[in-house]
Every structure is written in structure tokens, then in C-alpha cells.
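Here it is, the structure, as C-alpha cells.
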Amino acid sequence: MTPQEIHARLTERFGDAIGPWTEPERGDPHIAVAPGSLHAVCAFLRDDPELKFDYLQLISGVDWTDRLSSVYHLMSLSHGHGVVLRVDLERGNPRVASVADLWPTADWHEREAWDLLGIVYEGHPGLRRILLPEDWEGHPLRKDYAAPAAYHGVTNA
Amino acid sequence: MSANPPASPPRTAEQMLREAITDPRELTRYLSYLDRIKSEGMGTSVMVAPLEAAINWARANSLWPLTFGLACCAIEMMAVGASRFDLDRFGAGAFRPTPRQADLMIVAGTVTHKMAPRVMRLYEQIPEPKFVMAMGACTIGGGPYVKHGYHVVKGIDRIVPVDIYVPGCPPRPEALLDALFKLQARIGSDRPLAARWSKRAENELTGSARP
Amino acid sequence: MTLLTAPRPDTLRTEELLVNMGPQHPSTHGVLRLVVRTDGEIVREAWPQIGFLHRCFEKVAESVTYAQVTPYCDRMDYLASMNNGLAWCLAVERLGGIEVPERAAYLRVMMAELNRIASHLLAFGTYALDLGAFTPFLYGFRERELILSIFEKISGGRLLYHYPRLGGVARDLTPELAGEIRAFIAQMRRAWPEYNELLSENQIFIKRTANVGVIPAAMAVAYGLTGPCLRGSGVKFDLRRAKPYSLYERFDFDIPVGEGIKGEVGDCWDRYWVRMREIIESLRIIEQALDGLPEGEIQTKVSRTLKLPAGEVYVPCENPRGESGYYLISDGKTSPLRVKARGPSFNNLSITHALVRDVLIADVVAIVGSIDIVLGEVDR
């Protein structure tokens, strides 16, 4: 199925929770999903026999300076098609449901997005920092992040 | 290729004994040992050298590096230990998995803030005498990550004392070998029995990082 | 003197211990730390701790130009720097609509496959080293050095090449070098059976790896495993075939999968064996690329301060370790708005906790080694 057909299936099923289809001039299209419906949409994508997205490639957090997003690249090994989902989140309070129960691989990806961008994945089995040390301050991939002058006595300048 | 200092003209064992030993009774005794060895036909197998030179010779030619790789540079370090470059030829190929048996720490790769305490710990666990080689741009000063790498330590000399720097990203194996020769030559001019070592130990006890 | 009396079973006490393996450990392939809960020789559970090599790639990529990102990509999976550079260039080229000359695409394929072999050879050597055999390491490096000298002649670097450039490649192939590559292919074909005699068919090696760390296919997919780890579990999925890039659709090659020859499908030996067979397949691809190498340009003109149109793109590539790609978002400026690197090792390693359950300590080494991680792309 093409991403547009998948978009049509999702709209038919979830209505307003799915954003309108836009075909980009260049690059990959994506489907916007309302944060509240993300988990249901993902479960549907994974379990529907015609869609069968069994493989989560990656989850990426993005900082657009006015909002954050969590982006999901999905692929179906059995059907060979793929789709990109994006949920837009408030910058002040970025919360979205975790999909680690659907695809275990999401566990580490979500921890990374929390670590580097501060996105909270609700229902995640253990949302801790993964790359940076536990006592690190701030989320470095936020656009307004400033590197610390020193960490534990080792200067950075 | 070797940077060893030029050898002074050879002196006989007897000459060296006469210079080194002032007490005439002692001298007679040592000379009699020498005579006995010569009379038994082993004269050519005796070498007399200052103890420090002997110690340095042994140290410089059996540097045991710590098995310790951090990033890309570590792969080149492995290549130096493997088939084509064969670090073993220079007595430095016995990679030890534990710091307690090693005396050379080749820091090969990027040191991050999360790793820094571990690097310090490893350094502390190596018994004296110990030598540190900073391999690659990252360990020298942060390398390609110096500007935007918020999590990269900008040079390991901020956390451990460094004996020799090997530039490159990654340094070629030949560069690492050259650094080894330089280090060996430097060890050759060390005064292991002089107060220097106790000074260094004292510095470490009082917590100043550089000797 | 209770110590001297023979312990009675009802007073015997055993205790579970939390032990750290790494970040400096001879068999963790870099700065991986495994926290293991042991009960005697048995490891009950293992938690990988990563981030000791977090070099802030994604932040760096947001701060430099598109062309300047390429060498940083080389340093992600530093054992497959050709493949990584290629993945980045493909992403930028697709978003920017940059055409790559056919000759350059062929050269990219050739170098990517040579790098795959070099990477698998290193995996072969270090895996044997992990399991206590030193000789295969020396053999693996012997052939690897031949590849490195080819790379050195075409790119100037031994480990990190910066060879694929936006819109093409850095240097052209000379006839002498083509001859050298052919000589390497012949040498590799000669050496391959030697490798198998030395390690693949070695009884100790088989005992250590067969039926150890079995990953069922469904589990492999759920954890996002790719590359030899996924194929070792019997799933025939290879991005070079499933989503061909850089003209891979023109090449004929097989996709080796785990068949459970020495034990169950998806055990450590299967993953190892998939890598070994991929070496042969890569040789076939290189030969075809040499035979069919078209004449022409090797580089299209690309501005140094390239500006990409606003948009996003993700081009997955089959690296020696699995799916690698760069999710690139542009907002029309000279540097990207966001680059997220997907490293196969990151995903492959995430299965460790689920996989290492009630196994011997020695098996932990065998399992982690068979996943073949590179910390550069785990921590980025």
C-alpha cells in the first residue's frame, strides 16, 4: 500500500485524529496523528492484517522551536510498505503515550528521545536517561540548550 | 627510525668498575670476580652497566599496554597489534586486560564526560611506573568534536597526565609505532632511582594531577 | 569453628551478585557496560548501559553544513565508514534532487561491499578473540589489510575515508587499482576455506556458539534487529533487495539466512555463518561492479553551501550490521534542522536484556560478541 492509501484507511477509522494528507514536493510524506490517539493508531497499524506494521525502524524527537514532535518510521516486513507518523507536542509539556508495549524496540528509542529532547512517554517501563549520565542537566537537542561550562570539575571550554 | 641516543665508545668492564668503585678493598674484590669469570672463559658474556640503565632497558622494551579501546582510534591500535604491523617486535605487544598488570595506557578514542571517571580510575589502578599515550585528535583536544560536542572531554590531559601525544584522526599505525619509539627513548633517559619517582608519588598523594 | 565443619545443605547460603562487565572489558567491543546479576556462574539477568561514547553527533550535524556532516558519519560506525558516508549522501541527494553519475554509483557500491568484507573480517577476528582463540584474529587482519591498502589508494585514509561525497565520489578508480581489487577477490576466495577450517568447523567454537543465544524470528523483528542478526534468525530481509539504493537492483547476489546447521535457527553460530557467507556474496557484487563499470563522470557539481528545500527524508541502507540511515529534516537553510541517525547496533544491542537470561557467564561473551556491535553508532 502507498502511504496515501494507508492515510485513507486511518482517516476512515480514526476520523479527526488523523491530519489531512499533504504530498510534499520532495522527500517523504508523513501522517500527522493527534497525541491522544497515537497508541490506538499504532496498535491498529500493527495488528490489521492488511497493514501489518511489524517493524518499527526508529523513533525520533524533533525540536521545531515552537513545538516538539515525535516521529515514528514504520515498516512492514511481510508487505514491504512503510509509513511515517508524526505527533506534534507542546513544547512546555510534551507528553505522548509510549509504544514500547507494541514494539519492544521502542523502549530504547523513547528513552533516547527523553534523554536528548525531554519528551515524556507515558506508560514507558522505565523512562531514564540512556546516553547521558543520570545527573546531567537539560536536554541537549533542544534548540535553546547551552552546554554546561563544566561537568564534575572537568571544564568544557 | 629509532631515536635512541648515540652510543658512547665502548669501555671495558674493568674500566667501568674502576670508575664506579672508590673503596680499594671493594675494588680488589670485584676485580677478582672479573678475573675468575675470565679464567673460566666467560669473559665476553659479562656486561657491566649502571643499574638505572639496566632498569630502563628492561622497562622500555617490555611495555605492556592495557587492552583499552574507546572509539575509532582503537581499531588502528588493534591493527598495530595484528598481522602487518606487529607491535610485538618492539616488546609492547603483550596487551593486558587488567590495569594492574599493565604499564602503558594507550588512550585510543574519544573520552566523554561519562567515561572520564573510569579513565581516571584505570589510570590510578596501573602500578608505577606508568606511561600514558594520548592517541588521536580526540584525546589530544577533543578532535572533531571540540566545538559542538557538549559531552566530549576536550583533551585527556585535563584528567590524567600524558607522556606522549600521537596526532591524527586516526593516527596511522606507523605514527603509533613512532610514538612508541619516542617513549622508549624517553624511558631510556629516565632516572628511576632518583627522587623523581618519590616526588611523583607525593604529588599523587596530595592530589595534584601533573607530576 | 563453624568453618571447619562440613556445611550442611540446609545451612548453605548462596547469594546473588551484581557485577559490572565493562566499560573497560576485553570482550565488550568498546565501552559497553553490562550490569549482570549472577548466581555463581549463571547470569540471571543483564542490563546493558550505554552512552560512554556519546559524541553528540546529532547536535554537531545541526551546526555544520551538509557537506561537513559526511566525515562525522564516517565516525559513526567506524568499521564501515564507506557505508555510513553513503547513507548520508543518499539522504541529502534524495532531498536535494541531486543526480549521481552512474560511474560514481558503481564505485560507491564497490567500496561499500569491500568495506562490508573488511568489517566482517574484523568481526570474525574479534569474535574468535572473545571466545579465546587468537590465531583467527591474525588471519582476519591479514586480508583486511589488503582492503585497507586499496582504500588508502583511492581515498587516502586507512580507516575513515570520506570517499562518498555529495553528488559523487572523491576519486576515480585507476586500472592498476582495479587489478588490485581483482587480485584481492582471488586471494579472499583462496583464504575463505582456510577461515572455515580454522574457526567455522572448529569443534570448540561450535560448542561455544551453537544453540547459544537463540533469537526466534518474531522476537528479532519485534526488537528491530536488522542485518546478520535478523537474517541469522531466518528472516530473508535485506535492504539492498527490499529497497534498492545506489543501483543495487542491477546486481545479482544471494541473501544468506540462518539455517540452523549446527544448532537451532537463530543461534550465535548462525549469525556468525551469515556474516561469513556474506563475504562471498559481496565478492560477487564487487566483481559485477568491476565488469559493468560504466565510463563517465564521477561527480556532479554540488555547491559547498548547499541549501536543501524544506522537507524530510529517510533513506535506509544495508550496512554490515544492518539498517543504517539518517532521518534528515531541512528547513531550507545551509545546515539541517534535525538529523537523527539510526544505527543498527543500537537496536541490535537492545535485545540483550531479553536474550541474556539464565546463561553462563561465558555465554554472555558469546552472545554479545555475536551481535557484533560498534559503540560509535550505539552511542552516537
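Letters A, B and C mark the chains in the order given here, with residues in each chain numbered from 1 onward.
FYI, a contact is a pair of C-beta atoms (placed from the backbone, for glycine too) under 8 Å apart; a residue touches a chain by one contact, two chains touch by 3 or more.
This structure is a prediction, so every number in the text was calculated from the model and none was measured.
Q: Is the way these chains touch best called a line, a ring, a star, complete, or other?
A: Contact map by chain: complete.
Q: Looking at A-C and A-B, which one has the bigger number of contacting C-beta pairs?
A: Pair with more contacting C-beta pairs, A-C versus A-B: A-C.
Q: Once you find the CA centre of chain B and the CA centre of chain C, what distance in Å lies between them?
A: Measuring from centre to centre gives 35 Å for this pair.
Q: How many angstrom lie between the CA centroids of chain A and chain C, rounded to a whole number?
A: 25
Q: Quick one: chain A and chain B, Cα centre-to-centre, how many Å?
A: 51
Q: For chain B, what residues touch not just one other chain but two or more?
A: 114, 150-151, in rising order.
Q: Among all residues of chain A, which ones touch two or more of the remaining chains?
A: 131-133, 140, in rising order.
Q: Please set out, as single numbers or ranges, the residues of chain C touching at least two other chains.
A: In chain C, the residues touching two or more other chains are 51, 54, 56, 59.
Q: Can you check the complex and tell me which residues of chain B touch chain C?
A: 66-72, 74-76, 78-79, 82-84, 97, 99, 109-110, 112, 114-115, 118, 122, 144-145, 147-152, 169-170, 172-173
Q: What residues of chain A sit close enough to touch chain C in their complex?
A: Against chain C, the touching part of chain A is residues 24-28, 30, 54-58, 60-64, 71, 73, 77, 80, 84, 103-105, 107-108, 116, 129-133, 140-141.
Q: Okay, in this complex, where on chain C does chain B touch?
A: Where chain C meets chain B, its residues are 23-26, 30-31, 51-56, 59-60, 63-64, 71-72, 75, 78-79, 122, 125, 137-139, 141-142, 145, 148, 158-160, 375-376.
Q: Which of the residues in chain A come into contact with chain B in the complex?
A: So the residues of chain A in touch with chain B come to 131-133, 140, 145, 147-148, 151-152, 154-157.
Q: Under the definition above, what is the set of chain B residues touching chain A in their complex?
A: Residue positions touching the partner: 113-114, 116-117, 150-151, 153-154, 158-159.
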